[in-house]
Every structure is written in C-alpha cells, then in structure tokens.
Amino acid sequence: MPELLRPASVDEAAGLFASHGAAAAILAGGTGLLRETHPSDDGVLIALDRLGLDRVESRDGGWSVGAAVSLSGLRAAVPIPALQAATREIGGPAVQNMATVGGNLFARAPFGDLAPALLALGARLVFASADGEEEQPIEAFYAGWSEDGAPRAGLLTRIEIDEPAGAVSYLKCARRRYASPSVVSVAASVEKDGSGAVSDARIALSGASAHPFRCAAAEQAVIGAGLDDAAMAAAGAAAEAAVTPATDPVASDWYRRRMAGVFVRRALAALA
Amino acid sequence: MSIKQLGVVGRNVGQRDLESHARGQTTYYEDVHYPRMLHLKMHRSAEPHARIVSVDTSAAQASPGVVCVLTHEDLPGKKVWNGLAAVGVGPEDEPILAFDKVRWRGEPIVAVLGESAEAARAGAAKVKVEYDPLPGVFDVEEAIAGAAPALTAHWPRNHYIYPDDHAAAQIRYGDVEAGFADADHIVEDRYQTSPIEQAPMETNGCIAKPGGDGRITVHTNTQAVHFARDNTAAILGIAPGKLRFLGGTVGGGFGGKVDVAVEPISVLGAMRTGRPVKFKYTREEEMQVSSTRSAWRLYIKDGVMNDGRIVARKITSYQDSGAYLRFSSYGSMKHAGHMPGPYTIPNVWVDARVVFTNRPPSSAMRGFGVMAASFAIELQMDKIAKTIGMDPWQLRLLNAYRNDDMKAHRKEVEDAAMVETIQAAARLAGQELPAEYQAMTSWDRKAG
Amino acid sequence: MAKVRGTGLAAVNYPTGMHLGGDPTQSLIHMTPAGDFVVTMASVDLGQGLRTVLAQIAAETLGVPYESIVVETADTDTGPHCTGTFASRTTHRAGNAVVMAAQEARKAMLEAAGELLEASPEDLETDGAGNIHIKGVAGKSVSVGEVAGAAHFAFGKTIAGRGAYLKPPSPMDPETGACDPDSTQAHACTVVEVEVDTETGMVEVLDVKAVYEVGQQVNPDLVKGQIVGGAWMGIGHALYETTAPGYPAIDPAPVDFQNYLQPGAHETPEITCEVLEFPAESGPYGGKGVGEMVTNGPIPAIVNAINNALDVRITEIPVTPEVVLRAIEEKQAQTQG
Amino acid sequence: MEAKLIRLTVNGRDETVVADPLATLQDVLRDTLQLTAVKSGCGQGGCGSCSVLVDGELRLSCLTLAERVEGTEVTTLEGLNETNAIVPLQQAFVENYAAQCGYCTAGMVMAAKALLDRNPAPSRDEIVEGLSGNLCRCTGFAPIVRAVQQAAQALSDTGEEAS
C-alpha cells in the first residue's frame, strides 16, 4: 500500500523525498501520477498540498511560481501570452484546474507542453534538498534527463520566470484544437539589435525528442540574420535534423519530425 | 404506400428520458449498490500468438482480498462458444477462458474475484503465465497465403468457410468478364478501413446478483438482453430460467455491447461465491480488448462505358475478423449483399472473405459490413467520374437504382429514393443539374 | 503555408433490419384500470430514444394520448423476446410488433366501449384525446378511462394485445448469393467541404450538408439527432479514429481517450440536413431505420473532398495528417518524375 | 495505512465518510454517498464524465484523492436540484436534445455550470473550450453547445445564477 505523506513544510518534504529514494513519488495535481498508481502498490506518495507551493508571487522583473500552482492559476497570475497559450492547450478546464506547473515539467511526451514556453522564457527551477536550495536554468534540468526520465535532483519547489526581454511565441501542433496531446510544441523568443538582426534566440521543442530541449542548431540558424524567410526555413530545417521523435498513437516519428520543422518556422514567423 | 392522416407519429414529442438524464436520475447497470459485492478482473494474454506452457495462480489466490480464481477448468459447461451457434452458424471456436493457446494479445485466461476492484486487479496481475511464443499473422492477405500459420484447426487457410465449402460470401450475377470486355474503361482501386472502437462512454459491464430463489439477476448493459441471457445459460450449461437479465438503459452501444463478454464469467463467479459480482471493463480493456469495428480491405474493378454507365463490377474483400469468428460471417454476408451499392449494374461478382489474424476479435459497429462497402464504392465512383471526365453527381444519378430494377442478389428494388435524395442534396448544396438529370425519378427507366 | 479547399459527395443506401431477416421482436400491451397502457418489451434503449418512439407508435395505433403510454422494457422475466438493438432494426421490427399488439388491444378496447355505448365496435372511433365516439353521432362517447374501469370491474375482461414481427429468414444461395436480405432501404446523400493545410496535412471539415430519406419519420427531432451525431462520428472515422494506428501492426495501441483521438466540438461544423419521406411498404406507418447509416455518407464524402482539394488519390481511413502529407509527396514525386 | 475519516460538504450537506487509503473522490461520491449521477467513463481523466465542482472549481473526481478534499465544498449534478426544481441549464439540455444515452450528461452539465459561473456570457468558442474536457459519443456536440448558449441567454434575460 503506498503511503500518502502530507508534509507540512518544504524542509520536511525534501527530507522525505531524500530518505525514501526511488520509492517516493511526488503527488502534485494527480492527473498523471494517479492514473499510474494503484492502492496496492508499494512506495510513498509525497503530497505537495500543504507546503504553500500553490502561490504565485510577483517580484521585481518577474514572478516566483510555486511548483504546485495549477495551470489555470498560472494563466491567471502571469500575463505572458505565450505561457498562457501553453496552459490553455493542456487537457480541458478540469485538468487545467488540477494539473500543476511543476508536474507538467515532469510529464512525458505527448503531454509536456509547458516546457518549451519556459525554456524560451529562460525560466529557472528551484529545487529543495537536504542540503538546501539549488537554482538551475531549466535547460540544465532537461540536459540531465535520461531514458528513465528526470534526475532526482531534489524537490522542485518553484519556477522563477522573468519578464521577457523580447517577443515570445508559442505554437502547439495538435490533431485537435483543445484538450489534445501534442504532436510537437514549440516556443521561440528572439532579441534583435538595432539593425533588426537577431542578437539572441531561444527556440525550444517538446514532444520532438526524449525530453523538452532548446534546439541550438535552430537558434544558430537565425542568430545574426534577420527573421526573413530564408533564415526561418533554415531554422526549421535545423530543427528537423536535430529532433529524435517517437511514434505513438497520436503521430509517427516521421510526422513529428516534419512538424518540428514546420512549427519552428511558424513560431519564428509569429515573431517576424 | 399512402399513409392515413397521422396523429402522434411524425410529431416532435421530445425524448422521454432527457430530463432524467439532465438531472442525473437515470439508472445505469452499475448504479445499483449491493453489500458484499465482489469485483472481477481478468488476467489477459500478453502475447498475440503463443502456446500456453503453464498457468500459475497460486500468488493470485494468496493475494490480499482475493476470494476466487477461475480458469478454464472451472467452466461447468462450454469451453468454447460462438454467439450464433444456436442459429446454425459456427463452429464454436472461441475459448471462454484460454487454454492450450492464446491467439490475440488481451485474450482472457484467468478471472480473479476480489473484495474490491483493486484487490481483484492486484490479484490478476499476480497470475503467472508461461508462454511459448508462436509466429503471428496480422495482415489479411498474408494470413490466407500458404506460408501463414493456421490459427485454429477449424480453418486451415485462416478464412471462414461458407456453406458448400465456399471461401467467401459470394454474389454471381451476370457475367463480369463479358462486361469488362465490352467496357470502354476499366477502373480499379484498393481500399482499406481501420479497426475502430465503438467507444461508448460507458464501458461493457454487468453485476450478477444471486437471489434467494436460487436465481441470479444480471444487471447488464448488453444491447440484447434475451440473447445475452440465453447464451450465458448455454455457456454455463444451466437452465435459462435460472437467470433474469435486466437492462435497457445503456450508456451508448454502437455495436460494442453485443459480445456477451462479461456476463457468463460474472454469473459463474456469483454461482461459485454466492455473492454479487461486478465485472466492468476498464477503458483500456474497452479500447484494446473489446471487439472493434472490423477493418476491411477491398479491391474493386469496374467496367464503365463512355456515357457513364457502369456495366460490370467485381469486388474482392477481406474482413479482418481477428482471432475468432464472433459475428464476422454475418458481417461479410451483409457486406456482400449490399453490393454494388445504390446502383444498378448488370454484371456483378463479389467474393467477401472473413480472414483470421492474431488481432483482437472484431465485430459489429454502426453499419456492420456496409460502412466499408459504402466507403469503397463512393470513393470508386469519384475515380470513375474522374477517369471518364463525367460530373460525379451525374454519374451517380445515371447509375442509381430505380424501383423494380434487379439487384445483384436477385431481389427487385422497392422503396427506392436514391435519385430524389441526390437531387435534393444537389439543391441543398447549390449544385446545378442539367434538366434531364433533374427530371429523373426512382420510377423512370434509366438510360442504361 | 497553403490552404486548399475541396468538395466531396457520397450517395449511400442502407438496409433496415438484420441481413437475411430471421430477427424477431415481440410486444405485449395491456391496459391498466386507470385507462393507460403499458407496452412491455425486451428492446434495449442505447440513447436513441426507443421508449419515445415506441410510445408514439402505440398511441397512434391505439388512438389514445401519447402521455397515456408507458414503455417498460428489457427485463427478461417480463419482456417478450427482442433480438436486440442493432442493424437499424428497432423502429421497424419493434415498431411493427407494437402496431400489431396495439391493434389487438384496440380491438378489445372498442369491444368493451361498444358494450358501454350499446354500439357495434365497427361504428366506433378514437379521437386520440382519450375518448371513444360513435362515428357521426355527436355527444355519444365514452372516455378511455371509463372503458378501462368497466372492463376491469364490470366485464372482467382484459384489454390487451400481443404482437410479433418476424421477417422470415432468407438464406443466401452459397453459389449466386441470391436472397431477400432486407425489409427496405433508406437513402442519404452527403456533401462536404474541407480545407487542407498542405504543410501540416491537417484537414478541417468546413461544412456538411446532407439529405436523408428514411421513410415516414416517427419523431423528426430524434432522426435529426441521429444525423447530426452520426455526421460527427463520420468525421471521427474519416480523419482520426483507429485502435491500431500502425495497422496491420498491433502497436502503437491507444488505451485511453487522450490517445484515441476523436473530433471535438471545435472540429465539428454545423450540420445542415433535410429529410425526405418516402414511406416504406413494410414499415410501421412507413418508417425505415436511420441509426447506422448516418456515419456512412460523411466518411467517403470527406475523403472525396480531400482528394478533390489536393488532386490526390487517398483510399484509406483514417486520413491522418501524415496520410495527407505522404499523398502530397507522392503526387509531387510523380509530377517531377 | 488506515482508512481515514474525511469531513466535507457535499451538495450543501455536511458529510463524514470513511475512505480507504488512496480512495478517490469518485469512490466516495458514487459508492459511499451513492451519488450515482457521477459517472466513471474512463478513470484516466480523459472523458470528463466524473466532473464535479470542488469549492466551485471544475475537477475530475476520478483523479482527486478523497483525503485531499477534506473541508471542501463538493457539488455534484444532484446538488443542482436540492429543491427539486429543474434549473435553466438542465432545461436547456432537455430542450436542445443535448443528451442521447445520457452517460456524459452529468459531467457535461457540471462543466457548463463551471463555465457559466465565471463567464455568464460566453462566446461559442469559449463554450467549446469550456466543454473540451468532456466527451460525448452520441450527439456530435452541436446540441450541447446550443444548450449552453441557450442557458447563457436565459440567465442574462432573467439575471439568475446558472443554477
């Protein structure tokens, strides 16, 4: 019987997470975990509902988003259109009321649609462990993923999001408009210099590889260029070459690869 | 037929149970509560084709909350069955619980009854089956080619055998080869439909409740209560009068609730334990275990004249029955009997085959046998129109059957209205038709 | 990004009742002391509204108010046999059985009324509002409730009827296929407009227009409900649905509604429909079946529209975006080759 | 792990229920309190037939642990008819034939109520989005969308609450 543990402080939760090791699973919104968990299973579930992690705090230049903030809560509190668009395209309203920002970052394809937006925004993740807090860029977190999923770095407690310096776009390729699993989802942000050339770019994809990632090859294709058709097409082609998608009932690897290219191009076009 | 002045027939009087639905007062099979009710979960084959080497239920028996474990050895009556055996269709080919072999991934092997759904699920997960995997066959045309392994001894070539040793439900009308020889154009293509889940919002399920009078009441969402009762009794070898089936309010069917898949084993569980037994398919079982709509592959070859008349149609089709027969021979006969669609064609040849593969058994769904036929025929009609450069509306109107025409199965057309329906659709869609096509009726003699 | 539009058409017919017949349904009707009628069946309502439709048919035949009909169904202890709810057979088979049972019950009712009115049953007529009149004689009438009371408590008679409808089985000749397979045929013609994104292969169904011919409709609103729901299911079948996306391979295998895709409300345009009525000789009041055929027209119409939009030849369902893209590529390869 | 006593308010009534460990809100509502309007179409969060309101917010009762709704106010479809009068939203479902088999209806009405409670005058697209977590296999959705449009209109005409 898995034990449901409902710690009352982050320290306690981080301690439980460390001491139970692989037997522990984090219960946030439950929309993913409870599908897979049976009352007869072994292990412990560590619930986040008493930790005060369900709040968004506005700070200078950005927001501190608790890991247990719901997707609809994020949409209400953080007025970044690309991020709001991402939350609207995950499940229906009930799922959005239940599923959490933190939980979605651990979701496996075809369900982790928030990550590209946060990658494009340069968000930072804060983990609590027995040794204290550790903050890391979200791309570093995903770089640590293996075939088995996320590294056990500690307990994700909040997500730091800064106000975007430039424009950010988010597009999801889905077979259905609402409540649809992803074919791929893509977010892009660019900063331009005085001449209109792209000085910095962040292009991120989900559903296109084993985990969400920033596509350096696509970014390089636009940095230094204007956002013209040739540069956007080059970025799309670079993304198509870089992804390693899977086949599932929603789409084949062949189709996902194609859409990675198309949607990187379209996400950039939305910024041009 | 002239119709007398009607009163309430033809009137919109609402739908009787809508308010009950809107208030949540409608009672479905699982909305009854019985104390001490057991839950049944099935241990299913993990292999699409394998010899069963051994089945070990000891860990399941010992699992907390497990009350009863049933294998094929516990079946008091039939070990194999077919739902249409009672009306002379057979043979009985499908195990109630698998023994010796499994022929599709998901085939039931061991039923586990527990004090809760979770106890039953956890127990069923502990059944250990040792398999000796066999090569599987999944494509209908590969299945009937010589090299494929035979799934059962009933059908050495993996296709159903119709009366008089025919390999197909067949239509032979006129002389298609002569028609092709006379035709100005030959138009051919291949068509493929997919296995599709009926996906009723309520999954298959029942509750079998022993009563004080020695009878068992079964709350069920079957689409056919007498059929389910009589087959349950026949499978278990008990008097039908021992069973009372209660149903009639069902959370969607679409053909997905005709297989008598849950009732016999639930009744057996109730007989063995003396307690109410509930067996409800999970959504995963509904998707991958319950019968799907049969996938169909068709080859159509038409002989067509320059003026648009179709003079010959030859169809070879393969219904993917999955591992067992269920109602497939019926489906293929309905499919064959529907040919050549709503058109009058003087030469028609149909071979409609039922093919066995290592897939989940398929069955009926909304338009059994006909959906695939209509799909292929109507795509074929567009190909003909394009080939001969004729307007697709006109092609259909020209060939549409008229009253008293002879159909390929040698029954005269009656109640025809295809012409008028196409004409009305053209008006609705703003499609202009030439005067001669507007003047056509289901009572005229058509050009061909 | 290019979006191209196309239109497609499909004409279909559909048989009413189980193929080759031999699929009976029975009905029992009895009057209560209060003067309403209980129609007892074993037919199963899947949501299509058979309780409503059978009550309408019973009321029509008995000549009594619709509201006075109770339909009690699907208890094998009390309900006489019904083969089942499938094959577009309920309105026709169960409906005909109800007509027969109601005719017998009506005869008994008019006999009892005749005793009360001192008139021959042939001279009586029902007004559908709960009264029985002597034809052509103003003011000479009795209420159905009074007849019920008298039948139960004065005459000691049952007012009841039995109905059994069976289309005799017609086996298919194994050699030629000769048979009498159906009771009647209903018809439909569907016209669809689609828009295809040639870069993603995604198809949007912009418009569905359909004309149906279903014999005499018993309840037009319920017929329309079938047509609209069936058109949606047709969109699903044409573009999304499969339990085996890698068919004939058995994997990948969707096990939930997240991965078994169906269209949502957003993917479903307004369905425009018109219904023609050519009453069927064999149907109850001329009715034919409509429940199944409603998916059959939209599917080929959609695929024809896609082929029309792209000038390609797709011949399989579901037409996933990948199927569309591969068809476009094949055509480009041919053009270039 | 022991069964727990859970206190919550359901349809305005204070309830104390014994729930097994990891029992879901759906188990409590359907099996313990016998509020059978709450349906169980998938248990995977994919169909919406089990939708209820928790503190006014739409939730899937199949993926909500009973223990975590301690102290909340839960509303099921039955809660709309505490005085037996049919509410305008339900009436709109009836008048628009927004159900056939009826199995999705309870979840659908609750999703519509959640939408109208926060957005009394939704556009068609907002209705479509608001109901997007709820599946129906019978109606083709159009009658359901029309029902919610009609209910919204009725509410604006009368100034009443959704239910």
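Going in written order, the chains are labelled A, B, C and D, and every chain counts its residues from 1.
Convention: contacts are C-beta pairs under 8 Å (C-beta built on N, C-alpha and C of every residue); 3 or more make two chains touch, one makes a residue touch a chain.
On a predicted model such as this, the values are computed, not experimentally measured, just so you know.
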Chain at the geometric heart of the assembly (C-alpha centres):
B
Could you find the two chains linked by the most C-beta contact pairs?
B-C
For chain B versus chain C, what separation do you get between their C-alpha means, in angstrom?
18
Centre to centre, by mean C-alpha position, how many angstrom separate chain A and chain D?
30
Between chain A and chain B, what is the gap in Å from one C-alpha centre to the other?
43
Could you grab the centroid distance between chain B and chain D? Build each centroid from C-alpha atoms only and quote it in angstrom.
34
Can you list every residue of chain C that touches 2 or more other chains, as numbers and ranges?
46-47, 49, 221-222, 225, 230, 233, 253-254, 256-258, 260, 262, 264, 266
Could you tell me which residues belong to chain D and also touch two or more other chains?
20, 42-47, 97, 99-103, 128-129, 131-132, 135, 137-138
Listed in rising order, chain B residues that touch 2 or more other chains are 14-15, 17, 199-200, 250-252, 254, 283
Draw the chains as points, connect those that touch, then say whether the picture is a line, ring, star, complete or other.
complete
Okay, in this complex, where on chain B does chain D touch?
14-15, 17-28, 30-31, 33, 116, 199-203, 250-252, 254, 282-283
Taking the complex as given, what residues does chain B use to touch chain A?
64, 118-119, 121-122
List of chain A residues in touch with chain C within their complex
110-111, 173, 175-181, 183, 247-252, 254-255, 258-259, 262, 266
Chain C touches which residues of chain B in the complex?
1, 3, 6-17, 48, 87, 105, 138-140, 162-164, 166, 169-173, 189-197, 199-200, 222-227, 229, 243-255, 258, 283-284, 287-288, 292, 295, 320, 330, 333-334, 336-338, 341-342, 350, 357-360, 364, 366-371, 374-379, 381-383, 392-393, 396, 400-401, 408-411, 413-418, 420-422, 424-425, 428-429, 431
Chain D to chain A touching residues, read off their complex:
1, 20-24, 43-45, 48, 51, 57-60, 63-65, 67-68, 111, 114-115, 128-134
